[in-house]
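A short worksheet on the structure shown next.
Order as written gives the chain letters A, B, C and D; numbering starts at 1 within each chain.
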Amino acid sequence: MPLKMDAAALNAFLDQAFEQVADDFVVEDVATDRLTVRLEVSDKHLRPGGTVSGPTMFALADVGAYLMTLARIGPQALAVTTNCAIDFMHKPAARTDLLGEVRLLKLGKQLSVCDVLIYSKGQEPPVARASLTYAIPPQ
Amino acid sequence: MPLKMDAAALNAFLDQAFEQVADDFVVEDVATDRLTVRLEVSDKHLRPGGTVSGPTMFALADVGAYLMTLARIGPQALAVTTNCAIDFMHKPAARTDLLGEVRLLKLGKQLSVCDVLIYSKGQEPPVARASLTYAIPPQ
Amino acid sequence: MPLKMDAAALNAFLDQAFEQVADDFVVEDVATDRLTVRLEVSDKHLRPGGTVSGPTMFALADVGAYLMTLARIGPQALAVTTNCAIDFMHKPAARTDLLGEVRLLKLGKQLSVCDVLIYSKGQEPPVARASLTYAIPPQ
Amino acid sequence: MPLKMDAAALNAFLDQAFEQVADDFVVEDVATDRLTVRLEVSDKHLRPGGTVSGPTMFALADVGAYLMTLARIGPQALAVTTNCAIDFMHKPAARTDLLGEVRLLKLGKQLSVCDVLIYSKGQEPPVARASLTYAIPPQ
């Protein structure tokens, strides 16, 4: 199935609709059922010790799965997160960008479901995993 | 069972250990198995339309359940969030403080479990619910 | 808001639509936003040691939240579980009925959200907690 | 890292320790961080319409992630499920075996974390996804 938005279109959408966080997140790559989003880490994301905070990892998973859904349904849709389950597995490396690797598992009429693995850039294993559901409003 | 930290001690701990977010959150009340924490909403928490963002609601649930656990085990412990499941149910009211009502469901040697209902201050029904697990390091 | 099904109607519905599990579960009480369902424990629910298995506790939470939703929308609706997060906190007492205490947190047009505390009958604290989402098909 | 139990050892363990469900589940393949487990579907797993019930899918994810953990830590350990988040995405095919594809995401001293995709055998896309945490008792 074709994409309705590529990486450039998703980044432009982020700039326009979510300017408060657009500087934090960059879509690096998107395909039919996969998307990679990077968190450009800065001081506001950190906890004592220099590691990225839990709410920032949540935000990365949330924006990644949201943009994966929009890549398929287009920017007109007002999808809202209804549910997220997230596991924090390892401490991220200090002051290192995070990558969110998103998989689209379901794209239905009412709901989309994605999962996300979060990595400290350049390192294994993943520091967190998340699964998210979006409600897609009636067209 | 007695509390090891009261509301004043928890707020002082937040100021000292998490100064980046200490201005956002205020413990209003704490008891053996319940805690109320308030988000003082400001521009940085908002999305277009003036409602509080999902990551901010996650942060409120996370800090509330963390402080509930510390209230019982004391400030020396380095508890870390291992897991959260959160449901976003309604849009919060615009520019309105949020309240997190935390229940402590389990306090074991290795793990604590809490759930949280999040309200727009002064309004029913809850806008979100969350459950969280903390790993308590060996003493 | 009025109930469309009382406890007797819910138990009759269970007998008719889910005869394979109807003997296991009994609705004891239902109100506008609360429902109590009991698992009549028998050998098939047990693990070595005589405690109720995890899948059986999941089934109790699932059927309880499903019946709570039906109590409000009526038996005609084909609601399906879309999501569950469950925490297993304590071992249930051996060969003891379980009670599921369900709260209805949201009843929207597309989705309902409930949480459930599961108890070994007559004992504190809860052995498990769960939250569940149901998709309600268009009327 | 080496496996402490191969597929034959895991199936033998299931026969011995969980005889009530051992006939339902077969480990087909196991590697360092992946395991495939099959549900041999029979009448007791079905709902009206011939599709596999939600609690049975939960049981498949649970046993799969448990056996993946045991494959690495060995049969002596009394791991217990502490948490599961599961999304039901599509109706399974009628009267068709289910496959659980398990990934081990973390193996720590206190906790292991797995995720699972569940498929109707021979069909895409997955019908469900789950993530699970096990508590590993002190050695």
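By our rule, a contact is a pair of C-beta atoms (placed from the backbone, for glycine too) under 8 Å apart; a residue touches a chain by one contact, two chains touch by 3 or more.
Fair warning: this is a prediction, and the values are worked out from it, not measured in the lab.
Superposing the C-alpha atoms of chain A onto chain D requires a rotation of 180 degrees, rounded to the nearest 5. Looking at A-B and B-C side by side, the one with more C-beta contacts is A-B. Chain B and chain C have CA centres that are 28 Å apart. Chain geometry summary: the mean Cα position of chain A and that of chain C are 33 Å apart. Centre-to-centre spacing of chain A and chain B amounts to 23 Å, using the average Cα coordinate of each chain.
Multi-chain contact residues of chain B (touching two or more other chains) are listed as 82-83, 85, 87, 89, 133. Interface residues of chain C, counted against chain D in their complex, comprise 17-18, 20, 44, 46-48, 53-56, 58-59, 62, 80-89. Within the complex formed with chain D, the chain B residues making contact are 82-83, 85, 110-111, 133, 135. Residues of chain A that touch chain D in their complex: 85, 87, 89-90, 105-106, 108, 113, 115, 117, 125-126, 129, 131, 133.
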